[in-house]
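Next come two complexes built around chain A: one with chain B, the other with chain C.
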Partner chain A sequence: MGYDASFERLPINACFDLKGSESALGEWMGAELLPGFPTEANRCCKADGLSLDHVGPCRWLLQADIDREAELNAALRPHAAPAEASIVRISDTMTTFRVAGADAAHVLAIGCPLDLHDTAFPEDAVSFTEFFGHKALVRRCAGGFDVSVEQSFGDMTEDCLARALR
Partner chain B sequence: MMLIPCPFCGHRNESEFAYGGPVKPDRPEPHETGDEDWVEWLTTVPNPLGPVEERWWHVKGCGTWLTIWRDTRTHEIVEGPGDAG
Partner chain C sequence: MQVRRLPSGGRIDRDRPLAFRFNGKGYMGFSGDTLASALLANKVRLTARSFKYHRPRGIMGSGPEEPATLVELEGRHASANRAATTVRLEDGMAARSVNCWPSPGLDLGAVSQLFAGLIPAGFYYKTFKWPGWRLYEPAIRRAAGLAGAPDAPPQDGHFEAVHAHADVLVVGAGPAGLMAALVAGRAGCRVFLADERAEAGGSLLDRRLEIAGGPALDWVAETVAELTSMPNVMHLQDATVWAYREHNFLMVNERSPANPSIQERNWRVRAGHVILATGAIERGLVFPDNDRPGVMLASAAQAYVNRFAVKPGERAVVFANNDSAYAAAANLLASGVDVAAIADSRDAVPGHASDIAGDIPVMAGSVVTGVRGQRSVKGATVSGRDGRGASTIECDMLLHSGGWNPAVHLFSQSRGSLRYDESLATFVPDEAAQACVSVGAAAGELSLASALRTGAEAVARTTGTEMPDLPTATGESYAITPLWRVDAPGAKGRAFLDIQNDVTVDDVHLALREGYDNVEHVKRYTTGGMGFDQGKTGNINIIGTIALQKGVPLQDVGATTFRPPYTPVSFGAIGGIREESVVLPYRHTPVTRWNLDHGAFMYEAGARWRRPGYFPRGDETFQETVNRECRAVREGVGVYDGSPLGKFELKGRDVGRFLDHVYTNLMSTLEPGQCRYGFMLTEDGLILDDGVAMRLGEHRWLVSTSTAHADTVNGHMEELLQTQFPAWNVYVTTVTSQWNNATVCGPKARAVVAALGTDIGLSPEELPFMRFADGHVAGLPARVVRVSFTGELSFEINVAPRHMRELWERIMETGVPFGIEPVGSEASHVLRVEKGFLSLGHEVDGTVDAHDLGMGWIMSRKKADYVGKRSVELRRRSKAVRRELVGLLPVDKKIQIPEGAPLTPGGEKRPSEGLVTACVWSVVLNRWVALALLENGKSRHGETVHVRLKDATIAADVMEPVFYDPDGRKMRS
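Up next, the complex of A and B:
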């Protein structure tokens, strides 16, 4: 019996890895650029097509459509960031898969140890975890989950997902 | 399988972590300690039958290094990081 789910490889997003204190990053980038810092660990704030994910102590990922990469790069000025803030463009380092369908959570559970129940992993949850043995970023999307892995593990992850869905 | 308390993420599966080894005593000053104590510190890894203080790295998660006390007989985590969720 197969699962009622499917997956697809998504086009890359614009993604910036931000490290530093909230105050240092906010001061450098300006509060108007960011959608606001999430108040809880492993949560995201979304606004105006941007998503700011709190993925570690003093670490955030800023994501948007790839069309906005140049605009964000110009606004963030990674090359000129002060010593208190690190800003690195990592758009091409991640490959994202969208797993959607009624059984999406069951498919993820094959390779991911996270508790993905609504109460433990709500709509604005985002977290690094493990997926088929490799580090992966998991978030909710409409009807399922988006799983991002390092680009070099993309083909392997695609193979694992295809086997899981058989 | 253990659930390890991460100060940032809360309890997470052991497979998300890398073992960082037991916490060793403070390094003695080599010029002020005897050979026996120096060799003991340098070569002997804490390996008690019971609670041992260990370092773990949340390498597949948030990247935090944390310290726990784990009972080597039962794998029960008898003391986690103070601010673990």
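Up next, the complex of A and C:
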């Protein structure tokens, strides 16, 4: 008997790494593009299919479905952004696994040292942490968690998850 | 036949009989038994042989303190060196004693007792020295030892390690721990309660006490039920907290997880507060032959009759220096054991203790001076402390109690300090170093009422809640007069301090005489306290013996440091799921599957990337394969997957000057579209990495690093930016996995890329060497870079990973008419050696600088400063002899030189003057060629040097370190 949980590898998202001050980024991209900057670190703001994740000092990830990548790239104009705003498309850099089910939190805890209790990691939380020893981005999803690892570790993470679910 | 099983009582399930085997013989026990209790129920008394002297041993304890009976479990749950008292009996279990052959009853190793006098503590420091210790060591290790690790993984199930977090971690589910968990749970805290026994209750399981006017175990059941109903409480039994690390990070080994596919689970718990309700452990008394089968801790005997409904013997003598043994004696008497006498070393026995003893004869001021019987106790010699009035009392069981030691192991591991308590004659927790508090017996509060009170108080203080109403509890009192050893005249025989490691009083005396008078030195010299049991029953007796011998108080002797694990833990539980294919991390590129499907021999090639070493065909040998791949690149075209190279996009106004600071050469002068090869140095002037910087735009750059050092370079850049240049406008983004690349190389590379279809001009004029261009290749968005690692015309086609597999397959398909071959790391290595390109880990070995490699041109003289510049200049100013890169041609061109082989003058046994860094079969020269680091190498071209091997020397001619296309025309073509 294994755990009451399952996982699947998700298609890649459109993802842009944003660095710089809120004002520099906001000024370049325009307030109407972004869903708004989260007021706290390791929180995300979502609107219109976009998610803006505050993942570090002066660092955000802007994510959307992959079919919006070209649209966002055109709007963000990474190559033309001013020196104060770093915008880098990184859609391919991470592989995301969705772990869902009643035991999803336990399965996550096998690989992740972060406190994922809902009092410590609420609905809008998003954070870089570790997953099976590798850098990973964790967020909540319906019925579980989405964990993104560096793409090259995708196969190993899948291997680990399959073992964890036994 | 369980002849010693009581007809009723105990915490066993008589409806669930379990069959098991011990040392090849079949027995029966019940669910709820430990292996030890089941053996005692079956009247198995001789269960082990001792570590060093192979003395007969029996079961002495009832829990993790057990020092004598270690067993090896066989079959389904194979594991080694388990204390029989902590092994839960299972149907079909098979176990055998460790360190005896063929059996504990007939142990050939017992011959060592004949020359025991020759092997005292530390004998291996003084004897068996001629002709050499190694001659004797294997036999000695075999003779004195424990069981080996199982030779195969568990037959079913697996291990798991998992993280957890708690506001309050309570260690121990005895009365203090349960009360603490209850208060914390009711306060809404996230509680993690872990207890090492199979069921909650702690010492209440072993004794007959009352809480709230009823049996204490009724209160335990009610409390456990309430805790179970709380969603904020995690309650684990059969789970030992075995390590207390920094920042309230503790390890819990759960041995019976609910998920039956898991053998053991290791919890890594980060706790806000830790309540240490670890109880106390009874210590033994030190008297001659205190290790005979049948000699048992009084509390253990009490546990066997009360918890397991087993009489450990028929007739007992109790030897004590404190009150607690009286209750044990009374319980045994009530269970039908004939308690012949209580020998109490105290001159006056407190009234309440005498009252408990009832009709049992109490011999105050008496000590046990000897034990009759070798394989089983047959009698005890009791005399006054002065040795007078000695008499032997027939018995089959000698129960002893030297007092109680708070289980301070975890508190000590947390770096809390200990102090000696005179009234308890033991060490108790003093100053805490982390957010933890000891409660109940673990804090020296030995009564049931104070255990309940301190458990509640600790949590109430921590959580800021009010103290709950406490239930009433059985009144107990405890008094002790320490007795560190029996030294009455007439007491003869070995008196053991550390039963598990066979450390005697004489051993400690010897250590002291030889100058090892610090308790830590005594520990190491004698190995006292260093066994599996961590000296749980004997440590303080060693301290007491030292104090007596030196004539100082125990506080001045001090305690040794307790270290994890508190009890043995399976390596599997620590590793968790990290076994087999995931023991080590591995990384794949989108082409990995293709490589495997095409028969590539894969291995790790830096930074955990699994890369193809070579692509063998048919019956090709390794060398034939590599030669074929090399020839494809030199004569036609090859392609390799260069995706693992580290890549970072840098953005900002100050990137140019930042790169000038981290690279040895000038980068800020690059124009958009240009690349430049460069070195990064460490602060001490050694080569950190070599790579290529590309300018993408006015403020955008891309830095490409070696595969192995990508993370190091990333850390290096971030450290500089965060510590030295926080005001500089530079942002670093890792894009290693945003860009994969297929590098097409060889004279036909341009034709293949053109055939793929591209909107990028490929001519040398449009895209010269060290330039790049963005566009499309094979209809895919791509960046093509003109760099070369092979010395050939090369096009590095970079695409997003989502396109990499398609690009790769298109290249292989399009390249067929050109004879394209996939190229592995082995061929790449040959090609770069032929060209004299350096490799980190080969030529860059942590000692050389750019000048040594003949690359002084890369050390800019225009820049005022860069990382490592000053260190290189200072080092070279000393004019010391340097090892410099050279090429070597073995005089016999068919002889391969092993990589790493030393060069010595004339090949003689003299100090090395260099080493061979790489040696490959060159397909262009049709011979072996090598690179080497040689003292003053640059000035020795034309000389013949010698490689010194174990049984041969190889002569080789020194030359320039480049064997192919020295002026680089081909790669620039």
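The rule is short, and it goes like this: the second predicted complex is superposed on the first by the 165 of 166 C-alpha atoms of A that agree within 3 Å, B and C clash if a C-alpha of one lies under 4 Å from a C-alpha of the other, contacts with A are read in each partner's own complex, and residues count from 1 in each chain.
One rule holds for everything that comes next: contacts are C-beta pairs under 8 Å (C-beta built on N, C-alpha and C of every residue); 3 or more make two chains touch, one makes a residue touch a chain.
Everything quoted here is computed from the prediction, not taken from an experiment.
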item	value
Touched partner set for A:Gly56, first chain B, second chain C, both or neither	first
Which of chain B and chain C A:Glu158 touches, first, second, both or neither	neither
First, second, both or neither for A:Arg89, with chain B first and chain C second	second
Which of chain B and chain C A:Pro113 touches, first, second, both or neither	both
Contacts of A:Gly2 with chain B and chain C, given as first, second, both or neither	second
Which superposed partner A:Phe128 touches (first chain B, second chain C, both, neither)	first
Touching partner for A:Ala41 - first (chain B), second (chain C), both, neither	first
First, second, both or neither for A:Glu27, with chain B first and chain C second	neither
Chain B and chain C footprints on chain A, overlapping residues	113-114, 134
Complex interface listing, chain B residues touching chain A	7-10, 12-13, 15-16, 59-64, 85
Touch list for chain A against partner chain C, complex	1-3, 12, 17, 19-20, 79, 81-86, 88-94, 106, 109-110, 112-115, 117, 119-120, 132-134, 150-156, 159-160, 163-164, 166
Contacting residues of chain C [partner chain A, same complex]	158, 160-165, 190, 259-261, 268, 270, 576-577, 581-582, 585-589, 592, 609, 643-644, 649, 651-653, 696-700, 729, 731, 733-738, 800-802
Residues of chain A that touch chain B when the two form their complex	41-42, 55-57, 59, 113-114, 127-130, 134-136
